[in-house]
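Please go over the structures that come below.
After this come two complexes, each holding subunit A, first together with subunit B and then together with subunit C.
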Partner chain A sequence: MTRESQDQSNTYDDEVLNLDPNFKYEITKQTGGEKLLRCLQCGTCAGICPVFEVDERYDPQKIIKMALNGMRKELLSSELIWMCSTCYACNEYCPQDVMVADLMCAIQNIATRYGYPAPALEDKIQILKYHARTLPLDNFDNKKRLKLKLPSIEEKPQDITQIIENTGIERILENALTPVTNEIAGAVSEDRR
Partner chain B sequence: MLNDKGVEEEIKPDVKIGVYVCSCNGSFEKSIDIEPIIDHVRNFPDVVKVEHYKHLCEEEELEQIKEDIKNEIVDRVVVAGCTPSTHEDIMGNILEEAGLNRYLYEHANIREQCSWVHSDMDAATEKAMSIIAMAIAKSRLSEPLIGTEIEIKPNALVIGGGIAGMQVSLDLAQNGFKSYLVEREPELGGRTYGLNTTYPTSNCGICCMHDCKNCKLTPKIEEFYNNPNIEVLTNSEVSKIDGHIGNYAAEVRNKIGDLKKLYVGTIIISTGSKTFDPNKLPEYGYENEDVVTILELEKLHNFRRPSDGKVPETVNFILCVGSRSEKSGNPHCSLVCCNFAIGQAREIKELYPNTNVYVHYMDIRAAYQGFEEFYAEARDMGINFVRGRVAKVEKIGDKLMVRAKDMDMGILLKIKSDLVVLAVGQEPVEGTGQLAKMLNQELDIEGFIKNINPQYRSFEDNGIYSAGCVLGPKGIRHSIEDAKNAAMNAGNLLRKGRIRLSPIKSRVVDANCDGCAYCIDPCLYNALTLIEYNRSGAIKKTVERNEGKCRGCGVCAATCPKKGIYVSHYRPEQISAMIDAALEVA
Partner chain C sequence: MKYASFLGCTLPSRAHNYEASARLVGNKFGIELVDIFDFNCCGLPLKSAHFETYLAIAADNLAIAEAKGLPLVVFCNGCFGALSEANEHLKHNAKDRKMVNELLKPLGKEFNQGVKIIHFSRVLYEDVGIQRIKEEIVRDLKGIRIAPHYGCHYFRPGEVHENDENPKNPTSLDMLIEVTGATSISYEDMLQCCASPVLGTSEKIAVRIGKKKLDHIKAAGADLMVIHCPLCSIMYDQYQPTIEKQFNVEYKIPVLYYTQLLGLAMDFDPTELGLKKNKVKVNDLLAKIENIS
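Up next is the complex of A and B:
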């Protein structure tokens, strides 16, 4: 097995947890995740994180530890990875320059590719694509503007539609790989080697 | 070969080369095919013997080489195997024991430079052949060399009068060698001099529990000023150093501007380190009065708050401030801060049992002897050890809020604190770089003087030793061990009185040198000077080489456009032969 040959230092019971020792290398190959292996697990990121302050379920240090442990399925399918507010405080404070916020983005990208997109991501993309806004305009808005003697506005989403198409995000979502099972995780690692 | 008149002479060497290939306990055989190499090398001209050994480092097999030399089967030896940096000297000794000059030996590195780094067997085998062919080509033209003997001046210059420098001087003095101890500050003792207590032994930095600045009765200081073999030069800095092993001339200038010239045989660098400046980490709020470093806490009267003099109800210690952090440029562990901070936490707890003491740590490095017990006792005393690095210290009213994750609980702690203590680490002190440049010492990636693995240090090239924190962060105990080690090495050199220099030095061919002086600037060791002399009525310019300073690096030979200077043992015709050999095989 590739998993055993690549990383023998892992002494977790990986049959029970489905640990994938190559997951950390998958992340380091993703833009933003390059510095994952520098982490000393000091907890500074969690200590400064405003999300952790209000909801202790979102713990960046624990997420990094899960990534290092190879808890691929647990991490990618977790909704917690989407709770990052991208305030970049962790990037600023991390003593090892792990770039935690960028790392979260890398993990989110991998999750999306493997069929675990952010909740309601598809709807959000559709709204953005066809309205060029996160909240669509309707008559109500223009009536309010009229009362204030402001000219009415109309949606001109063409440019944004083009940009969204160019990003290829829809294709990624359509062709998302089936949610990760142990076999696929193994196959992917094999492929990447 | 260039003769004295600078004319190329055809030389037809009459040599018998023995090639001994070692496969390092069979470890090469995975990537190099040894047998075809042996067969190939056998056909080389002047090669009279080719042998394959599994472990050449074993006595029996080395004896075989000695036998071959003694029986006059071979008179040049080429060994292909491991690296010359560890084994060239050892092989040289073998040759000398067998009665052959050690410079008739060539080392072909087919381990680090070939088998360990290549996986393609055919290509690696071909490369190994090239490497061995080059060594044979060089060996064919090698000649016996003998170095010049020079005198060693029986005294030492110790730069930096901290605990390490003082110990070096004392040890040298005890062995009867005079040393000059140069210290930038007005007092000896460095950082240890100001310390009230060191842990876990609870001794003071130098001796007692009182303010050491005014104390002249401490044993070491006393021993010092009364020792005829030690000349202390405080308030002074080394401004210039010239010379070479056994004979250095140093200029020492004091604060008033007086200049003193010292002539010494060896130099010991013990300039120490400095503590990290916590202003570089604004998140720890060092601008607040009640945020202090461990060294400032030492000087606080009864550990009271600096702002209002009250007994602190809550104290937070933060470890690894400026250590173990890529961002602050110090990825190293500073070794002493855990120990020191825990000792201080214990003292606070002993003095004020009701005070709540937290120690925020990433990992506790309890590496000194007796320290794990000291740490365990601190836990017993009721000091709270919290795993997790502190993210931020904020001022709220007259209190400080320490914000950190408790990693064992997975929760965020916000601790209202009266006093925050930063366990600052060590980093290279200003001037280490200039001093290293002046003395041609290598620096490591962080700016400390590079620590040479003592296991492999066998040849004296410059007679300069280092001790203490200038080599990297360490505590008093390890600095003193370092100092004793350096003093022993320096003492061994001084005791010899005379040493033989390596004969691998540059040689000027006066007939070819026209004094263009191209070689003078590139020389890293200032070994070359331009001179003029009267040759049959006309002024002739030429270059003079200082044998002690020259390290035989070959920069001058590479610069010279006129074959006016070369390095013995690496003569141009030897290098050409090696290049030819490399191209032939390929």
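Up next is the complex of A and C:
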């Protein structure tokens, strides 16, 4: 998405020429993306977005425009799509009821399928699969719980292990290409507060 | 008042102060929290990666509550949003309901009608009620200025929550605060997000968003901030010293869970309310409260 990364890509011209007119329909078929075509590009979502307010490179209106224009690979491979804070302010204020936050989630799901998962997704899945929670619990935690008279909790991952094995989420990752790098963290423009 | 208690991932390991204070004040009002140790993660962490897996993990929890025939009480705004959305989605989408039930069948579970899901603050607000809470207030917090932070998923998106909270202008937390005698103040961009979901992808962006709220709260002259979500706590309490250091500013704004605040007004012991676990020190605040009467 950044100018630098475009320059590094020797297929950049092809990308621009090879717009995918079916991309928008692919999104409308994904849960959350159904209302994409209603967008009138009014900019209300960007105006209310807390992320856009501190870093204009994350612009929900522009992301929707790229989706409508069929900039498939450029959008799916962009680290920017993972910057949404899922605050739902855009959902509440969009005059066209596009459900922008859900739309972002739809784009993220498609990106994951096509080899551009969120950073550290694989680790997250493994922890959930074997601990049934994102923060594993051990005796140390339970000792601390006891001090505040809280009951001790045991991890019971059997059922979640089966669910994760059966939904196919791991196969999606196995077939995925190299994940995108997370370079945005170090690149926030210093002139914005 | 009996509820299946859904703790999620963060409370059991990182928010003992929230859990302990909620249990204490809840007990006083006859809120019976049934611990169900078969609950696991709400599914939210996988929603952006694979919607079906998120739905199935959420449905697993919802099916457990449904089988117990109890409403589900949730403490974390993230879990509250994720479970409410999955509950609504599965009630209305027969195809996905079939998909999750095929996954749940070998586990002996089933999602049928869905369940009633309620945030703990809403249990206090709706089921206990402001009048009843008032009867238990023994220490009037008159003169204390409090900045409420609702947290996005407590009230947005409006469609997935079965309550009367206005998604453009929520009021329940203000009313819960004011019943203690304290003043609930408004401040710039009051409904803005804590941005803790962005901490994992871009800490730099996230702390900038977090800082703005702390600036607004400081400018409004609040004695403390009140929250009711362990994820919001990560940004405003855990990260507050980091933000102070990084931007060379000073806030020292205590961040209390609502149940801790209510517990103080009900004269519970600060240590039992887990106040020693709050990262931003609360000593000055406690002294100020001590001097009220």
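Here is the rule we go by: the second predicted complex is superposed on the first by the 141 of 193 C-alpha atoms of A that agree within 3 Å, B and C clash if a C-alpha of one lies under 4 Å from a C-alpha of the other, contacts with A are read in each partner's own complex, and residues count from 1 in each chain.
The criterion applied here is as follows: a residue touches a chain if its C-beta (ideal position, glycine included) is under 8 Å from a C-beta of that chain, and two chains touch if they have at least 3 such contacts.
Keep in mind that what you see is a predicted model, and the values were worked out from it rather than measured.
Once the two complexes are overlaid on the shared chain, A:141 sits against subunit C while remaining clear of subunit B. In the superposed model, A:132 lies in contact with subunit C only, and not with subunit B. Legend: residue contacts after superposition of the two complexes on their common chain; A:58 is shown touching subunit C, with no touch to subunit B.
Residue contacts after overlaying the shared chain place A:38 against subunit B, while subunit C stays out of touching range. Touch criterion met: A:154 reaches subunit C, while subunit B stays clear of it. Here subunit B and subunit C are compared by how many residues of subunit A each touches, and C touches more. With both structures placed on the common chain, the touch criterion links A:118 to subunit C but leaves subunit B unconnected.
In the superposed model, A:68 makes contact with neither subunit B nor subunit C.
Residues 53 of subunit A touch subunit B in one complex and subunit C in the other. Residues 7-10, 12-14, 16-17, 19-20, 23, 35, 37-38, 40-41, 45-53, 56-57, 60, 89, 96, 103-104, 106-107, 109, 152-153, 156-158, 167-168, 191-193, 195, 197-198, 200-206, 208-209, 212, 272, 274 of subunit C are the ones that touch subunit A when the two sit in their complex. Residue ranges on subunit B touching subunit A, taken from their complex, read 283, 320, 324-328, 362, 387-392, 403-405, 407, 410-412.
The residues of subunit A lying in touch with subunit C in their complex are 30-32, 50-51, 53-55, 58, 79, 82-89, 91-92, 99, 101, 105, 108-109, 112, 117-121, 124-125, 128, 132-137, 141, 144-145, 148-151, 153-154, 156-157, 159-160, 162-164, 166-169, 172, 182, 184-186, 188, 193. Those residues of subunit A that touch subunit B in the shared complex are 38, 40-44, 46-48, 52-53, 56, 59, 61-62, 93-97.
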